[in-house]
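What follows is chain A paired twice: with chain B in the first complex and chain C in the second.
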Partner chain A sequence: MKLYSLVGNEVFKIIMKKRLWVIVGILIILIGLFAYGEHYTRERTQSQIAERIGIDDVDDWREITNQQLMDLERRLDNPFIPEEGRASIQVRAEQLRYYLSEDINPTTFSAAQFMSNFMEQSIFLFLPLLIILLASDIVSKESTTGTIKLLMTRPVPRWKILTSKLLALTILEMIVILLMATIALGISYITFGQGGFKEPVITGFRIVNGELDVSNIQTVSRGTYILMTYSLGYIVAFSIGKMALMVSVLVKSTAASIGIMMSSLIGGTFLSFFISDWEITRYLFNVNLRLTDFLSGDLQPVEGLSLSFSISILLLWALAATVVAFGVFSYKDILD
Partner chain B sequence: MLKSIKKAIWPITLASVIIALPFFIFGIFQSFDVTRGAGDNNGVADGENLVENSPEEEEVENEDVYVLTLGDSLARGTGDEENLGFAGRTVEKLEQALGVPIRHENYSLEGLQISEMIEQLKNEELLGEIQKADMIMMSIGGNDLRGLRGLSDNERMNAVQEAENRYEEDLDEAIRRIREENPEVLVVFLGLYNLDYSGENLEETEILLRWNSITYQRIEEEGNFVWIPTYDLFQFRLSNTLSPDQLHPNGSGYEMIANRITEVITPYFQSD
Partner chain C sequence: MSERVLELKNLHKSIKGKKIIKGIDLELFSGEVLGFLGPNGSGKTTTLRMIVGLIRMTEGEVIIAGHSIGKDFVKAMKNVGCIIENPEMYDYLSGWENLKILASMEKGISKERMKEVVSLVGMEKRIDDKVYTYSLGMKQRLGTAQAIMKRPKLLILDEPANGLDPAGISEFRKLIQKLAHEESMAVLVSSHILAEIEMMCDRVAIIKQGEVVQVTTVKNIVKDQGIIWKIKELQQGKKLLEEEFQASVQIKEDQTLLAFLGEELVPMVNKRFMEEGLGLIYVNKNQKSLEDLFLSLTEGDEIV
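On to the complex of A and B.
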C-alpha cells in the first residue's frame, strides 16, 4: 500500500474518532470564556476610569492618548535619556501614533491582540494538553480495541504503519494550530469588533546577564507577530506530539498514556522552578516550551536560554522520542 | 453524499496544511530574525539624529536671571495642559514680579530617581550650566518613594529603612555636587504631596512625611536652600488638582505650587 493513502487513512481515522471535535469544542468554550472575561474586565475598568476623571464618555481616549504622546515626544527632546531608553520611547510613540491614526482605542482589546495573547498564554500548557489529547491514543487505541492485530497481519511493514501515523499526527498538529487561530480570530472579532492587525508591536528584546537589553528592539506589525507566535506554537505542538506518540507506543492503555504525558509536562515545569540553578534543567523539554517569551522579552525561568537553543532542545526530544517509538514498535511482541 | 464528504476530508486537510506551511516557515524565520536582532530597525532608525540636538546652542549673555530646573516628571510638567509645569509657571510669575527677562533651562527627566540625578550631576555640560545659574529648582524623590509602594509588610520594614538611608546619602551627594560648582546659587527644593489624604493608608503617609522631613532637615543645614512644602496645598483639593493619570498635578495644581514658590523667592531677588 502506498504511504500516501496510508497517511490519508490515519488522518481520516483521527478526524472520525471525534477526538479532534472534542478539541474544537474545548477551544470554542475556552476562547469564548477568555474573550468574554477580557471584554468584561476592560469595560469595567473603563467605566471606573471615566467615573474617577469625571467624564461621561470614554471616547476621551483620544485626548489621553494625545497627552501620552506629547509627553513621550517631550522626553525625546531631553538630552539625558540614554540611547537604549530613547529607542523604546520611540517605539512606544510610534504605537500611540498608530492608535490615533487608525482610530483604535488602546484601552480596549483588538482581535489581533487577543489572538497573539492567547497563543502566548497557551503555548506552555494549554496547547501541549490539546496535543496530548490528540496524540495519546494514536497507537494505544489500536491496542485497547485489538485492531492492532489486524494492522499487523496486513502486508504492510511495521515501520510503514508507524510512519503513516507519525505523518498524520504531524499534519493534524498543524490543523490544531490553524483551528486555534481561526476560532480565536472569529470569537475575538465578534467580541472586540476591531481588527488592529497593522498595529506596530515591539519585539527583539534580548536578555543579557539577566538584564533586558533593548538595544535591538524593532517593530513588526501585529499580523506578523501573530504569524510568529503561531509558528512557534507549531514547533511546540510538533515536539509534544512526537513524545505523546512514543508514550502511546510504550503503554497499552490510552488513559495511562495521557496520564504519563500530562504528569511529565506539569511535573517537569514544577521541577524547573524548584531547581532552576541546576544546569541540567535547561535540557528538559518543559522549560523550553515558552518560545513566545523570546519575542515579548519576558524573563525565562532558567537563565541562558535562547530561541535557537530552545527549539533545538525541543526538536532533539522529538527526534529521540521518534527513534524510541520506531525501535519499540518494530520489535515489540503483540500479545493477548 | 456522506461518502463523498468522507472522501474529501483527507485532500482538504492536506491542502490546508500545504497552504499554511509557507506561513509557518515565514513565522519561524521571522522569529529567529527578530531575536537575533537583525532585520530592519525601523523603530530605532531615526534615534541617532535625536541625540544630537542639545537643549540650547546659542548663548545669551546679557540676561539678568538664569534659572535651571532639575528633577523628575513634576519638574518637567507632566500632566499640565499647558505643558509649563511648576517650573515654567514660576518663571513666568517671577518675570512679572521682577520685571526682568529670565532665561530658563529644563534638564528634568520623567521617572528620574535621585541616584540617576547624581549621574546627571556628573555631566560636564550640566555642571557648566549650574555654575552660571542664579537659581535651581528641583523636584526629586517621588519616584524613589513610589518604588516602595505595593510591598508586603515584611518586605517593607527593611526596604523602607534601607531606602531612607540611601536617599539621605544620595541627597547629601547631590547637594554637595551642586554646592561645589556654585556656592552661591539659590536652590528651591519641592516637597512631596500625598495621593491619598483619607487617612486609610497611614503607613504610606507616614513614610512620605518622614521622607519630607529628611529633605527638610538636610536642606536647612545649607544656606540659600529653600524647601517648599506641597503636602498641605493638595490636602483639600486633590480631586481638582490632579491630572487624569491620578499621579501628576494638572494645570491648576502646578499653578498652586508656582504661586507658593514665587511668593517665597521674590523677596530674595528683590533684596539682591
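On to the complex of A and C.
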C-alpha cells in the first residue's frame, strides 16, 4: 500500500480531531497576552528609568542603556548575590557595553523582536506542551477507542502504520511551528506596529569558565535570527514529538500519556535546578531544550552545554524513542 | 468443490504463563457459515484475534487462503474482512469518511462498491453523519459494511447481532447467508445468542476452556428426538404405549410422556388415548435445541 495515502489518512484524522484548532486557540490567547504584557512592561521600564535619571525624552536609548549598565554594575558590587546570578549579570552587562560601543539600540521593540523573543520563551516548555497535546493521543486514542483493531486488520504491515503516524506527526510539528510564527507575527505587528526584520542582532555570546567569550560573535539580521530560532524550535518539536509518540505507544490511556510527558518535561526543569552539578543531568533531554539561549547568550541551566551537544542529545533521544516505539508497536498483542 | 479458506492448526496461546488456548484445530470452507460458541472467558475472542493477527500465537499456525498469518500477514489479510468485538469506528468522522479511510488501505475498492455496501447494510440516509451520532445498531451496520466491502474470502464477525433490533437481526441474517451462499464467502460468526447461531449457521464449533469440544452441523443438533404427549393419566398412557406400540417411554419432569416411535403411528396413539379417556392435551415433536447441547457441553464451567 502506498505510504503517502496512509500518511494522508493520519493527517486527515489529526485535523478532524480538531486538536489543531485547540492549539491555534491557545496560541492566539497566549500570544495576545504575551504581546500586551511585553508592550506594557517596556513602556513602564522606559518611563521608570527616564524618571529616575531625570530625563523627559524616553527615546534617548543611550542614556537609558547607560543607566541600565550602571544598575547592573552596582548589583555586581553587592556581596549577597550568588555566583550563578553574578555570571548572568556579567553577561548582560557585557552585552549592553557591546550595544553601546556598536551603536545598536536595545530598547526598541518590533514585531520581529517579539517573534524571536516568543520562541526563546516558549522553546523549553510551551512549545513542547503544544507538541505533547498534538502527539500524545496519536496511538493511545486508537487503543482506547479500539480503532487500532481496524488499522491492524488491514493488509498493511504494522511498521508501515506506525511510519505513517510518525511522518504525519513530523508534518504537523512543522505546521505548529509555522502557526506559531504566523500568529506571533500577526499579533505583534498589530501591537508594536513595526516589522524590524533588518535590524542587526548580535549572536554568539558564550560563557567559558564563567567568562564571557566574544570570539564567536556574529551580527545577523533579525529575520535570519528568527529563522534560526524557529529552526531550533523545530528540532525541539521534532524530538519531543517522537518521545510523545513512544509514550503513546507504550500506555493505553491518553490521559496517562499526556501526564507522563508533561511530568518528565517539568520534572526535568526541577532536576536541573537541584542537581545541576551531577554529571548525568546533561544527558537528559529536558535540560537540553533551551537551544535558542545559545544564540542569545543566556545562561544554560547546566554548565558546559553547547549547541551541537544539546542538538545531538535531543536527536539521540528522538532516535531511541522511535526505536522503542517501533519495537513495541510491531510485537504487542492487542488484547482489548 | 468448495475451497478451504481457513485452517487452524494446533493453535496455542499463553498469556503470562497462563494457557488461554490449548490446541485448537478447525477448518472452514468457502460458502459456509460456522458458528463459534463458548461461554464467557472460553477463548472465543482470543482465537478470533489470533486469526486476524492482533495477537501472536504461542504455538501453531493460522492459514488463510493458503497464506500463514504469522509469516505472510499482508497476503493473508488481503482475504479477510472482520469486526472484532465492538464495531469501533472513528467517531469524529462521518460513516463515509470512515469507509474511505479503510478502503484506501486496501487494493481495488471502488467508490461504486462502497456505495453498494452502504445500501446493502441500509445506511444510505445516515452515512454522511458523524459516527458519534450513531446508535450501536448503526455502528454495527457500518462495521459490517467495512468488513464486506472488499469481498473477502473470509468474513469474521464477533458478536455481530449486538445492538441490532429484531428486524435488524433478521436482515443481517439474510445478508450473511446471501454472502455465504451466493458470493461463497466463508463466514465465522461468534455469538452468545444461540438461537441466532442456530438460524444463521451451517455448522457450529463449541469451545470450552480453550479447546474445541465439538464441531457439528446444525442439522444434526436439531434433528428429531422423539414425540411428546401431554396427558392427564401418565402411568396409564405409559403402559398403553409400551404394551400396544412397543415403544420405550419416559415420564419427564414436566409431567409429559416422551416416546421414541415413528411419526406415522402418532394418529393411532392419539386415537387410543382418546378411546381410553386419558385426557390428551397436546402432542408435539421433541426437538433438541442448540441450547441443550451447549449447556450439556459447557455445564458446570467456571470462568477461567
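Just so it is clear, the second predicted complex is superposed on the first by the 270 of 336 C-alpha atoms of A that agree within 3 Å, B and C clash if a C-alpha of one lies under 4 Å from a C-alpha of the other, contacts with A are read in each partner's own complex, and residues count from 1 in each chain.
We adopt the following convention: a contact is a pair of C-beta atoms (placed from the backbone, for glycine too) under 8 Å apart; a residue touches a chain by one contact, two chains touch by 3 or more.
Keep in mind that this is a model prediction, so the values were computed, not measured.
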| item | value |
| --- | --- |
| First, second, both or neither for A:Lys18, with chain B first and chain C second | second |
| Partner chain(s) touched by A:Tyr331 [first = chain B, second = chain C, both, neither] | second |
| Which partner, chain B or chain C, touches more chain A residues | B |
| Which of chain B and chain C A:Lys149 touches, first, second, both or neither | second |
| Partner chain(s) touched by A:Pro157 [first = chain B, second = chain C, both, neither] | second |
| Touched partner set for A:Ser101, first chain B, second chain C, both or neither | neither |
| Shared chain A contacts, counted only where both chain B and chain C touch the same residue | 8-9, 12, 16 |
| Footprint of chain A on chain C - complex, ascending | 15, 49, 52-56, 73-75, 77-78, 80, 82, 84-86, 88-93, 97, 101-102, 104-107, 146 |
| Complex contact set, residues of chain A against chain C | 1, 5-6, 8-9, 12-13, 16-18, 145-147, 149-157, 331, 333-335 |
| Interfacial residue positions of chain B with respect to chain A in the complex | 6, 9-10, 13-14, 16-17, 20-21, 23-28, 30-32, 34-35, 37, 39-44, 46-47, 50-51, 53-55, 76, 78, 83, 107-110, 120, 123, 126, 244, 246 |
| Of chain A, residues touching chain B in the complex | 8-9, 11-12, 15-16, 52-53, 64, 67, 70-71, 74-81, 83, 86-87, 90-91, 94, 171-172, 174-175, 177-178, 200, 202-204, 206, 215-220, 224, 227-232, 234-235, 291, 294-295, 306-308 |
